[in-house]
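Look at the two complexes coming up: chain A is in both, with chain B in one and chain C in the other.
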Partner chain A sequence: MIYTIVYGFTIGAILYFISIGLSLTFGTMRVINFAHTLTYTIGVYALITLIALLKGYFALVAGLAILLVIPISYVIERFVIRRLYGESLDYTFIATFAISLIGVDAIKWIWGVNPYPMNDPIGKYLVFSGLSVPIYRIVIVLIAILLFFGLNLFFKKTIVGKIVVASLEDKEGVRCLGINVDKYFSIVFVLGSALAALGGVLYAPISSIHPYMGLSILLLSFAVVIVGGMGNLNGTFFSAFALGMVMAVTARYWSQGAETMVFIVMAIVLIFKPIDI
Partner chain B sequence: MLEIKDLNVAYGHARVLHDVSLKVETGQMAFFIGRNGAGKTTLLKTIIGLLKPQKGSITYQGDEISNLSPEELYQRGLRYVAQEKKVFGNLTVRENIEIAAFAAQEPLGQALDKVISLYPKLESFLKTKAGQLSGGQRQILLVGRALVGDPKFLLIDEPTQGLAAIVIGEIEKILSGLKDRVSAVIVEQNLAMVNRLADRVYILKEGKVAREIIDKSEIADTRGLEEYL
Partner chain C sequence: MNEKKTSSLNPPSKEELPSTLTNFQRKEYRKIDFLLIAAGFLLITPILSVHRVTDFMIFCIFAMSFDLLYGYMGRLSFGHMLFLGTGAYSCGLFIKYVSGNPLIAILVGIAVAGLLGILLGLIIVRTTGACFALINLAFNHIGFFLVLSPLREITRGEDGFGVSASKLGFLNFSSRPIMFGSVLLCLLLVFYLLKRLTSSPFGIMIRSIKEDETRVRFLGYNTFLYKWITFVLAGSLAGLAGTLSALNYNYVNPNSMDVHSNVGVVFACLIGGAGNLYGALVGGVVYMVISNFLPIYIHRWEMFLGFSLLIITFRFRKGICGYLLGLWEHGAKKRLIERSAEQGVAKI
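After this line comes the complex of A and B, so read on.
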């Protein structure tokens, strides 16, 4: 059972990294961002490319891979997403899904379709009571917890964070105070994309790397955002870990139903708490 | 100072304002009164740039402003206080003022002093989430937030709606203190307040200006105005 719990926390942490950006972009911009899969996947492919060039130094390479995603996500926001503010959700859905498909094809063209293997960068285990738990998985969970507190500090203590929180509640009110919210939305978008890339680079060593890897995890992340409340940063954190645990426990007894169970939970939440969009 | 000519505004195909024309001179307080759905809020939102007119012009200090954004209008000194007392409820009172100070590039201490001087009781609520304030306190915070920086023209939507008489008195005192310092357009249904503060009154009916009243004795005749509410 301890392995199930560790697996649940790990997948919960990964879901949190990816979901937080989706939650922020929907909460502030009212954009359902399917292009999130692209930044997630590009982060992973940048990682495997750089790691081959730099021969190791996982943390450094992971940081560089995340930095590489930042200009890409800015271009997506500036030239596509920004034109869709205030438009129907259908347009944002179609446009960002198109970006995601174009991105997947570009990845296939550059890196091919074959899965890439990658090893656990730490490769050590924490042994206690006859059990051995991969330290790398514990590190992923700790990073998620640190990120949770870091983001809380960012949104509570910095003026940028406070403006974003105010915009989540009343965008027009912020605009009428003379603040160009688009600038702050760009920051939110890039931050969310960088966190998705962080999720990708941390998940890559313990999952399968292929061009479509972003799509399945994106759907799970949408479930996290819906259960946690769109734009609700703390809700996203707890929802990610709760659904990660749902997946892990279900997988233990019924491996094929692990993802299905997440969407069943989402459906139940929607029945009792429909989203107002 | 502010002049609107033949303004037409629509939501999709539903036209809400029809050929509205009006004028507010420097230092004046103009009040809009009218029934629900008369187009009062739409008119304020159009002046502040949240809605774009189909036709007509809005000039402010001689410049056409109907195509400017709320952010650009803020730089020209226009401030909008929306109805429903929409403070940033998840932020504290202090943080609400901090955002206004940041936007106006005014030191936070100065902005806090300015808002607290309007309503000293607010000082004990600085660390309280603005969403937990009473309706009157929220309204005062909104007006205070709008006064941070260098406002020249206020647009205030229903400042006393749903408030207790004692709070209405506080708000009237604040608005009265602003008279001659800033110009304002205020949507208000409290005719006693209109009577005491208004320099001119525009009665809106079904999206049109039904009457313009600039004569003080006519403004004082609240019974004459009641028929439009």
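After this line comes the complex of A and C, so read on.
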């Protein structure tokens, strides 16, 4: 039972990392960012390439992998997303999907299609009255909680965060104040992509690594964003952990049905609270 | 174009509709359309092969059903393969377990896909835009997963299973020319149905929903019902395409429900020109030619697909058909101006 709870919290934490970027990009730019799968996957592949060079320094390598994603996501934002502001959602969706198609093919080109194995970087267990819980999973949950408070501070205290929150509410109003909103949007986009890469890097050791790994997790985090509310940062946090729990509990009784259950929850939420986007 | 604009601003009342309808009919139903389509597919048959062209036509049916949803109603779905797969599987399973009669199997496939559309439509149709696309994608993912693992006993998981329909008089679907003929017939039937539907008051209504749903609802129409019916129709037509592909290949496997294949039909609709049935046909053939022949020459064809999608979204939104239509309209306008200049009329 404790293992189920820990598993649920881990999945929830990973979902939080990935969906925060989706939620932010949607809330500010009105762009459904399918290329999120790409930044996530690139982060993971950068990790496995670098870890072969620098064995043993997982934290350092993870940091480097995330740093590597930042310029890539900036390029995506600058040359594709920025041209799509104010377009209908369909075109943004198709364009970002095209980017992820190109990126995934590039990954297949460079690294091949075969899945890579990866070990738990800490490898120690916390023995707790007869139950052993991997420390790594606890670390992930702690990072997620830290990130939640960190982001809250960022959005409440710093000027950049305040501008972003204001433009979540009313983009035109912020623009009328003479603030170059596009600049802050690219910051938000890069931040979201970096967080997706963080999620990927942290999740890689406990999942399988293959070029299409981003798709299923993107669908799950999209469910998180729908349940939590588009552009609602606190809602995203709670719905991520709630859906992570749903996955873990379902997996305990019916291991194959975990992902399906999340979508069923999403469908129920949509029936009672239809959203117009 | 004109009809569309006025309808979105001011949908005609029910008494006015019949007259607009006859105008539409006079303009849009021409036997030559059907002859052209049939001749087009028959012409490419010697260049390619009968089997391949049958495959192309099935994909064109699928593309037209997608076009009803995306081009006409303006709802982009990224999970339309779900209905294709449902049709294929229910047809295959019916033949395998119940009876070998192919005609009943086709009807069963359409009915099951339609039923799925009725059930899922209740949830999906409430959403719009990217939410609609992603929920479809999510359901497609669930369907793919269901076929792969929980229903493995029946569907044979990744391996798929063979479908051998029994002979029904002269209708022997294992013979290539008969399969070709019946698929062509289905294609023309679907084309006729969709042409009829999209130029009827119902079609005007769904196009108005694409333009501005709030306004249509404001005028007192139950938009949910219209969207739901369209969704179910698109689903059942995709189911028809699925049953035909199952009969054509004599084989069903999870690839018919693969989430990643959705990009193909979106690409086909966009390159041909969304919101135009000819666009769906042209796009379907172009996409099938690309996906059949390009991988032989270019290994990275997914990347090619991605770049062309980007180019389409940024530069070429009308697609091939829209582009040609634009050229033709431009030419017509020019001719008209020349003619009026000759007559010395300063009109236009």
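Rule of thumb we're sticking to: the second predicted complex is superposed on the first by the 277 of 277 C-alpha atoms of A that agree within 3 Å, B and C clash if a C-alpha of one lies under 4 Å from a C-alpha of the other, contacts with A are read in each partner's own complex, and residues count from 1 in each chain.
Operating definition for what follows: a residue touches a chain if its C-beta (ideal position, glycine included) is under 8 Å from a C-beta of that chain, and two chains touch if they have at least 3 such contacts.
Because the structure is predicted, anything quoted here is derived from the model rather than measured.
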Which superposed partner A:K162 touches (first chain B, second chain C, both, neither): first
Which of chain B and chain C A:M245 touches, first, second, both or neither: neither
Comparing the two partners chain B and chain C, which touches a greater set of residues in chain A: C
Which superposed partner A:I271 touches (first chain B, second chain C, both, neither): second
Contacts of A:V174 with chain B and chain C, given as first, second, both or neither: first
Partner chain in contact with A:I187 - chain B first, chain C second, else both or neither: neither
Contact residues of chain A, present in both the chain B and the chain C interface: none
Contact footprint of chain B on chain A as seen in their complex: 159, 162-163, 165-166, 168-170, 172-180
Residues of chain C that touch chain A when the two form their complex: 70, 74, 76, 78, 122-123, 126-131, 133-135, 137-139, 141-142, 145-146, 149-150, 259-260, 263, 266, 270, 300, 302-303, 305-307, 309-310, 312-314, 317
Interfacial residue positions of chain A with respect to chain C in the complex: 32, 80, 83, 88-95, 97-102, 104-106, 108-109, 212, 215-216, 219, 222-223, 226, 256-257, 259-260, 263, 266-267, 270-271, 274-277
Chain A contact footprint on chain B (complex, rising order): 48, 50, 69-71, 74-75, 79-80, 82, 86, 88-91, 95-96, 98-100, 102-104, 145, 149
